[in-house]
Structures are given as C-alpha cells and as structure tokens.
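Both complexes shown next keep chain A, but they swap its partner, so chain B is in the first and chain C is in the second.
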Partner chain A sequence: MTATGALVASGFFSSPAVGTALVIGAAVALVSGPLGVFTVIRGQSFAGEALGDIGMSGGSGAYLAGVGPLWGFLVAGVAAAALMELLGVQRRRGRDLATGVVLGSGLGLAALFLYLNSTEHGADVTMTVLFGSLFTVDRSTLPLVLVLALLVLLALGAIARPLLLASTSPELAAARGVPVALVGAAYLVALSLSVALCAITIGSILSTALLVGPAAASLRLARRPGRAMAVAAALGVAATWLGVLLAYDSYDWPPHHRGWPVSFFVVALVLVEYMLCGLIGGRRRAPHPAPDTAPPAALGG
Partner chain B sequence: MFSGFMVDTWLAGILVALLAGAVGFFVVLRGSTFVAHALPNGSFAGAAGAALLGVSTFVGLAVFAVLGALSIAGLGRRGRHDAVTALVLVLMLALGALFIVLGAQYAPAVDALLFGELLGVSAAQLGPTVVITAVCLLALVLLYRPLLLSTVLPDSAQARGVGAGVVELCFLLVVALATAMTVPVVGTLLVFSLMVGAPAAARAVCDRPGRALALSIAIALTAVSAAIAGSYETDYPVGFFVGTVSAGCYVLGRLVGTRRRRVDHGAAEPAAA
Partner chain C sequence: MSVPVLAVEQLSVSLAGRPVLREISFTIEPGEFTGLIGSNGAGKTTLLRAILGLRSRASTSSGQVLLDGRPRARRNPLIGYVPQRVTLDPDVPLRARDLVALGLDGHRPGFALPSRRRHAQVQEMLEAVGGGAFADARVGELSGGEQQRVLLAHALLGRPRLLLLDEPLAGLDLRSVGEVVALIARVAAEHRLAVLISAHEINPLMPVMDRILYLAGGRAVHGTVEEVVRGDVLTGLYGHPVDVLHVHGRVLVVAEVGGGTGPAAAPAGVEVLS
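Moving on to the complex of A and B:
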C-alpha cells in the first residue's frame, strides 16, 4: 500500500478529470498505434507531422467560431489531406515539397487565428491548441472521440491487407488489381482523423509522437505487421497512462506546484520506449549477423 | 513605417530574407524539407529554456539549432530522416512547453516566439545578425559547387573526393545558424514557410540553378517585406503574412511553370516539383 502511495498521489482514482483522460488517452493510443505502423512503413512521418501542425489552424479556428476544438482539428486535417493528395503527396518524388507547401500555408493561418484568439479570449488558447492537455479535455467530447476511434479502426481493418501490399510493393499490388491510388487516399483520410485524435490528446504540434513513436518502437521488436500493430497499440496506451499518472503526481513537484504538462511526459515516455525497444530488438537480433532486414521504406524518404 | 525602430526591423528582415532564400534553395534542391521543419522545432526549446535561465534568446536558439543539426546528422542515415529524428525533435518541442510552464512565462512571449514579432530584433542584435548572415553566405559560396555536385550526382561527387558526410554536416550547420537568426523575426513555425515556399516557387519557374537561386532570394525578399509592411499596418503576426505570401508565390510559380513548359515543349506534362 505504501508503494502505491508513493507512486500515485492521493485522489488519482477518484478524480473525474483523470478518468476522462485515461479513457480518451487509451482510445486514441489504440487507434494511432496500429495506423502509425503504416505511416512508418510508407515513410509518411512527415505527412503525419504536417497534418498535426495544420490541425493547429483548425483547432484555433474552432475556438474563434465557438465550437469544440476537435471539430476544428477534424475539418482542417481532412481538408489538408485532400489538398496534399491533390498536390501529389503519394509520389515518392516531390511529395515532401507538396506536404511542405500545404504545411506552410496552414501555419500562416494558424498564426492569424491564434493571434485573434489571444486578443479576444486571452492567451491560454495557444498553449492548449499547440501542446494540449488531457486534463482539460471536455467530458462531452468523449462520445465523439470513441466513435471516431472506432470508425478509424474499422476503416483500417477494411483496408489493412491491400494497404500493406500497396505500401511494401506498389507494383505487385497494382498487378494484382489493388486500386493503389484509392487505397492510398483512403489511408490518408484515416491518417488525418487519427492525427486529429492525437491532437486533442497531446496537442497539435506534438501529435506525431503518439502516431509515429509507438509504431516505430514496435517495428524494432516485431517483424510481422499484425504483431507490430498490437505492440504499437500497447506501447501507446502504456505511454499515455503513465504520462497521465506522472502529470497528476507532478502537481506536488517544484518549482511552483502547478503541475508539469501531460504532453511532455507522454512524448518523453514514447521516446524512452523507442530507445528500450531498440536495445531489446538489437540484442535479440545480435546472434544473427544478417544485414539489416528492416523494410527499406521504414527509413522514410 | 520606415522611421526609428522600424529601420532595425527592415534591416533584419532584408538580411533574413537574403539568407533564407539562399539556404532554402539548397534545402529544396536536396529535398531536406524535413530538416527545415525540424531545426526550428528544436530551437524553440532553446529559446524557451534561455528565457527560463535568463540568458539571451539568441544564444538559446543558436545552441539548440546546432544541437538539432548535429543530432539529425548523427541519427539520420545518409541524409534521410527517420522516425527517431522526428521523435527527438518533437521531444524538443515538448521540452519547450515544459520550460514555458516552469518559467511561468506570459503567453504573448510564446506567441511571438512561435509566430514572429515585428520588433523581434533589437538594435543590439543587429550586429550578430549581420555577422551570421555574412558567415552563412560565405559558407554557401564555398559549398555551392560541392553541394550541387553531391546533390545531383552523389556518386560522381564521391569519386572526386567530395565527402558527402562533411558537406551534409556543413550544410546542416548553415541551416541551423540561418534558423537561429530567422526565428526572432518570423517565428519558429514560419521559418519553414520562408525556406521552402520561396525556393520551391523559384524552382517551378526556372531550371538553371544560378537563376533559380537569384529568383528564390527575390521571392523571399518580397515575402518578408510584404509581411513586415502588412504586420505594421494590421498588427497581425508577421508569420501569417510570411506563410500566406510564400504559399501564394508557390501556387503562382507552379501555374506559370506548367504553362511555360506546355508552350516550350508542346507537351501536357505537369511540372514535377
């Protein structure tokens, strides 16, 4: 009892804010982990990051319009995904540029909206939109988060097999009659929804961590896609839950007992998981001095 | 608009545009868009940390941008970014958030850091800004040929004894320094727009490296001057104008480029960026 007492500050399990945070964190991590595996395999981490950053303009716009930020993240994310698709994000060549240009204009808009917000509502909006806070997520968004999470999972389940083939060898997939472009577009939409969920959890500019981090970590451990997706989901849930716990504890920490940001803990934990998985994976592979067999696309490009 | 303290702003803006246009040209040519996004992210933590410790923002920016450059060079394989690079840089952003909370900084300062501030460069900082611009431009002149060669023909460059690793590292350091001096004016998040939008537009219009480089600098100058003027008139953040003008130039450049190519070759081939 004393051990848990030292680890968990009092009131952790009875606080409704913590309950909401844990449920939302778990739901989001369960979705973003498996989806992130494809992001890493397809080398689209930058696209994921860009979608998150563009979500900033949506989130801040939503505050201006007086609707929930999640709606803003969603609308901006899907619109940006469509624009990137139009400018050619699926081509290996030049896609970083397409992503970059859309990202640049999105950031410009975000700058304007956040400025307008800070003149109207005071300045806390910037920190909330950018760096998020699981503790302040409104309980009424919970059903929407759960529905979206379920939707993305179902969509992923439907396109997982053709998507995997299209991601690893597009030529083979095309030869087998997989509509590669269509699958890619569907995946991009799922990605933008998932990024919106991550944005509400740890903030729009940090959303990459939850999307790519657990997935990249799991791919260092597991070779099979199915197993990697399961491991990624588990790692994501572990990071968010432990992050929430530490953030709750940190209200007793120096320098002024106002708590450290939840998002900081989640991001740091994700990075720690990535390093640990590298150590474990490296040791396990050490007896076989085979050349690096990681899928080449996992390096991004 | 051109009097008193605004003179410093204009001078700083011109220097920033010069450097960002030139550095950005190579960023786009080498496909290092991600680097131009990641380094400012890293430097954000530096600026926030500097405020926490009471050191000059500029020092914090420079230290973290250089650290970011070194970590990208160390972690990325052969210039390719991989997931770990993204994670490290997101961690830096999160550290920035932590520093802000710990330092209990008031939010307008955060906004200025992220989205730029008209008066971001004081007279005292103008000296270092000039020096850094000169150093970076000199480095780019020296690196011009090896950079072009190792970008376009990596194998041939290797054969001629141009060390790809050394060139890459030097280039990253130049980007880092350029980032550090651009951030106070246009903000951490919008450095990227300037470094990618302008050169991408230039490249869409002309194919020759020398001419594209000059055009890229010209577009960056236009974007920054428009941003400074717009921000002065409306009070909106500088970054908003930089972002929208850069993206607008890119769209325009692509339209012009596509059209010209159609006229030149009579082919309906879309311009590959």
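Moving on to the complex of A and C:
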C-alpha cells in the first residue's frame, strides 16, 4: 500500500459525489473567506450567525415546498438581511438588538417548518438543514452555486476599497464621499448570499464556522487586508477539502462504517487552523520591543 | 484680497429639534491656523460635520458653507479631515500605510493594484508626519499619538487646502500634545494649508493659532486671540461673568459657579472653562 493509498481510500477520485463536494466546497470557501474578513473587521459575526440560523427556516421551507434547499437558504437570507437593515443593523447601538429580533422570529418559523416536514411529509430533514450533508447535495445545484459564488466575489471586488474605509471609520469614509449606508447594505446582501452558500455546504447552524473561522485565523497571521483575504480563502479551501477526504475515509471507521458527517470534519479542521495560526502569529509577534524603550545600558559600579 | 478658503455664513444647526449652533459666521483665509475652542457639548463636532456636509439623523440646518467661494460638492478634495480617534481592534489587518493609502483612493470602487508610485507617495507622507518607523504596524496596535500621525497623513494625501481636525489632542499625554501640535503647524506651513482644529483647551494651541473661534451656548466669537480671549468678550458670549487669568504664561478662562445665585445653591467655586 502506498502512502497516498493509506490516506486516500480507494474510489475517492472516481466518486461523482466526492467531485461535486470538492467543487462546491472550494467555491464556497473562496467566497466566504474573503467576505468573512470584512465580517470580522466590522464586528458583524453575530449578524452572520443570525443569517445562518434564519437560513434554517428557508432550508426547511424549501423541503416543504419541494424545491432545492439552496433556494430556501437564499430567500430566507436575503429577506432577513433586508429586515435587519430596515431595523437598523448598521447603527452600532441598535445592531445586536435588530439582529436578535429578526433571529428570534426566523427560528420560530424554522421550528414550524421542521415540524410540518416530519408530520405532513414524514421526512425528518432536521439533520440535513441544520448540519448539512455535502455528499448528498444534488449535482444540479452546482451551476447555481458557481454563479452565486462568482457574483459575490465580483461584488466584493467592486466595493472592496470603500468597504474597507467605511469598516475602518464611517466618518473618514463619509468625509471622502463614500455612500456609507449604501456600501453597508451591499455588503449585507453579499453576506447573506455567502451564508446561504455556507449553509448548503456545512448546514445552516454551522455556516458561521466557514464564514468567520478561516477569516479569524487569517487575521492572526496577515497584516494587510489583501493578504488576509487570500489566506482566509486558502484556509477555507484546505478545511473543506481535507474535511471531504476525512469524511470519505471515515466510511471504514467505527461504530457502523457508515461515515461521519463532513460538517464535523470541516468545523474541527477550521478550529485546528485557528489555533495553529494563533501559535504561529503569537510567536512571530512576541519579540517586538519598541526601539526607544530598550533597557538602559548597565552602568559600571 | 484673496477668496477665503472657507466661508461660513449664518449657519444654524438643530439636532432632534434642539438648536446646537445659532447663526455662526466666520471665514478662514488660505494658510490660516484657526483654533476651535469650546467645552464638551459646545457644538464643535457638529460644526466640523456641517462644514464637511455630513448630516446626522434628525438634523436640520440653515445658512451657507462656501469653499473657495463655491458651495461644497458631495466629495470635497479641498478638505482633509481627521476625525476623533479611530477605534480599531489590534486584530484588524490594516497597517499604518494601508490606512494612509486609503486617503489617496479609498473612495474609488475596486481594489488597489500594487503601484510603485502609490507606494512612494504613501511612504513620503508617512515620513513627513514622522510615521516611517511604524508604517508596517497594525493601526490598532499604535498609541494615540501615533494614530493621530497616521490619520494626518491619510488626510494630507488628498492634497487638501483646508484641514479639519476634531479633538486631535484628546487623550494624549502632555509630551504627545506638544509634538502633535508642532507637527500640524509645520505640515500646514509647508503645504500652505488652512487649519481648523477643535480642542477644549486653549493653551496647547497658543503658540500656533492665528485666529480663534470660541464656541459657547451655540454661539461663536471669532478673531485674533487678543480680540477674543478677554473677560468682557467671553462674558458676552457665555452670558454670565467670565474671567480670563494669566497664570505662569498660561491662560485660564474661569467662571464662578454656584454660590447661591442659581436654583441649586451649590457651594461657591470656580470652574475652568478652557
């Protein structure tokens, strides 16, 4: 048995489900990593988490209506983003409140839809909606995922500079003529689309892990915005791909040889990345004495 | 006579129905250094925001703001602005030089491609404000004085003719205050920049001010320090007795407070206004 053979179980590269999972995982990570950097800078991780949780209602509603879950995640996400914007998510003071209010109502709806799915349709989709199931994503979803990913990336590229300035200081941005509210709203829409993409990959509840995790890890290494976005994208792709690989391998693992959830591996790997980046970043930053506070030279006597 | 770089005419601003500024009028000539003095809540930030054309929610205003004799446009390359301290987490991946570079083209769509000319411009401006040593440090890790230098470089990169600074000395230790004031005065002289700088203390600005705009109770007096910082003038502005004391080369503006004249008969004392 070769070294690759020990790591990659046979049939990995020939399985169509694996191929779809790898492509979707990469596309989603490439989008959510860079976007997540702004989420962290703007302190809107809670908004991202809420958008993911609200996605539950969309995902479960989609199963009820008999359409693909991604459509549900999208509709719920964009609607929630619009509602949060309306209630004042951009104002620093009202932000958590607006998010919390929308979050509560979204979760209530999800409870209803999940209940109806199991009672009326006899199908318990709770696991799939909440925690994802990348191997079972229908191949026909692929074009939509790719188009959305490209769309969000293009939009982010278009607003990157004013968004960075507005996220650093709304005052500075407004003084330079940046339409701060408009840029913030555009970012929120991009965020909701990106969260929907994460939800289809690792589930609505875990979507934040892929959005904020690689970004938070990258901030412990990168000093400049462009590099942080690139590192976050790379870490996201690494976590999803390695997660898919381990999940595939886990079909040979106990207890039942049925495979462990991909989402578990992806989230665990993101955590490992975060801790590793913290170690590397901490070691790199530690020896940094200011030049004018060097200890005084020892005097004789 | 030259056209003033800034002319404010009969400017009144109300926030949520409460009048904050009442019929403020003054001009700033090219290259002139003006101190905007007033205690907290006197309306200094409101005035600077009105000049910039930034509107808060529920604010109404009347009067005119002319830049170079013309009404201001939405984005004003004529004005450089340094807001009160930017609060950033040390984690935010933004080096001093990145924030300065945003002063050049932060309003443009897309992202900046690496350019040698851009890099040189940023480096030159950072060194002009004495920020070469921490150009690659994250902005959130810098001290208050260092951040002020970075924000100053950010504002200067757009080649403005008028620099507005909102309380740049707040929260700085005494040594940094002197350094930042001297730096602003030097850069302003080099670039022939007019400056309007707000502060609640007069003394740090004394050596460099050409004129003073003293704000109290929504009204303002404008003139040279000798014309404005006088007991009779400030008494008229405040509407109650105010004394100007000269102590060890420092100016203290003081008012008697309490003493049984007001409704709350607090013990008599002296409040230092600026």
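Here is the rule we go by: the second predicted complex is superposed on the first by the 283 of 301 C-alpha atoms of A that agree within 3 Å, B and C clash if a C-alpha of one lies under 4 Å from a C-alpha of the other, contacts with A are read in each partner's own complex, and residues count from 1 in each chain.
Note that in this section contacts are C-beta pairs under 8 Å (C-beta built on N, C-alpha and C of every residue); 3 or more make two chains touch, one makes a residue touch a chain.
Keep in mind it's a predicted model, so treat the numbers as computed, not measured.
Enquirer: Following the superposition defined at the top, how do chain B and chain C come out on chain A, clash or fit?
Expert: After superposition on chain A, which the two structures share, chain B sits beside chain C with no clash.
Enquirer: Which holds for A:His121: it touches chain B only (first), chain C only (second), both, or neither?
Expert: Neither partner.
Enquirer: If you stack the two complexes on chain A, which partner ends up touching A:Gly213: first (chain B), second (chain C), both, or neither?
Expert: first
Enquirer: In the three-chain superposition, say which chain, chain B or chain C, touches more residues of chain A.
Expert: B
Enquirer: Classify the contacts of A:Val40 with the two partner chains as first (chain B alone), second (chain C alone), both, or neither.
Expert: Once the two structures are laid over each other on A, A:Val40 reaches both partners.
Enquirer: Just checking: does A:Ser169 make contact with chain B only, chain C only, both, or neither of them? Give me first, second, both or neither.
Expert: It touches chain C, and chain B stays clear.
Enquirer: Give one of first, second, both or neither to describe whether A:Pro225 is in contact with chain B, with chain C, with both, or with none.
Expert: Second partner only.
Enquirer: Per the contact definition in the header, classify A:Arg139: touching chain B only (first), chain C only (second), both, or neither.
Expert: A:Arg139: touches no partner chain.
Enquirer: For the overlay built on chain A, what is the smallest gap between any CA atom of chain B and any CA atom of chain C, in Å?
Expert: 7
Enquirer: On chain A, what residues does chain B touch that chain C touches as well?
Expert: Shared contact residues on chain A (touching chain B in one complex, chain C in the other): 40.
Enquirer: Help me check something: in the complex, which residues belonging to chain A touch chain B?
Expert: My answer: residues 40, 45-46, 49, 53, 88, 93-94, 96-112, 114-115, 118, 122-124, 126-127, 130-131, 203, 205-206, 208-209, 212-213, 215-216, 255-256, 258-261, 263-264, 267-268, 270-271, 274, 298-301.
Enquirer: Which residues, counting only chain C, touch chain A once they are in their complex?
Expert: Touch list, chain C to chain A: 52, 54, 74-76, 79, 81, 83-84, 86, 88, 91-95, 98-99, 102-103, 105-112, 133, 136, 138-139, 151, 154, 158.
Enquirer: Across the complex, what residues on chain A touch chain C?
Expert: 37, 40-41, 157-162, 164-165, 168-169, 171-178, 218-220, 222-228, 291
Enquirer: In their complex, what parts of chain B are in touch with chain A?
Expert: Within the complex, chain B touches chain A at residues 28, 31, 33-34, 36-37, 41, 77, 80-84, 86-88, 90-91, 93-95, 97-98, 100-102, 104, 106-108, 110-111, 114-116, 187, 189-190, 192-193, 196-197, 200, 236-237, 239-244, 246-247, 250, 272-273.
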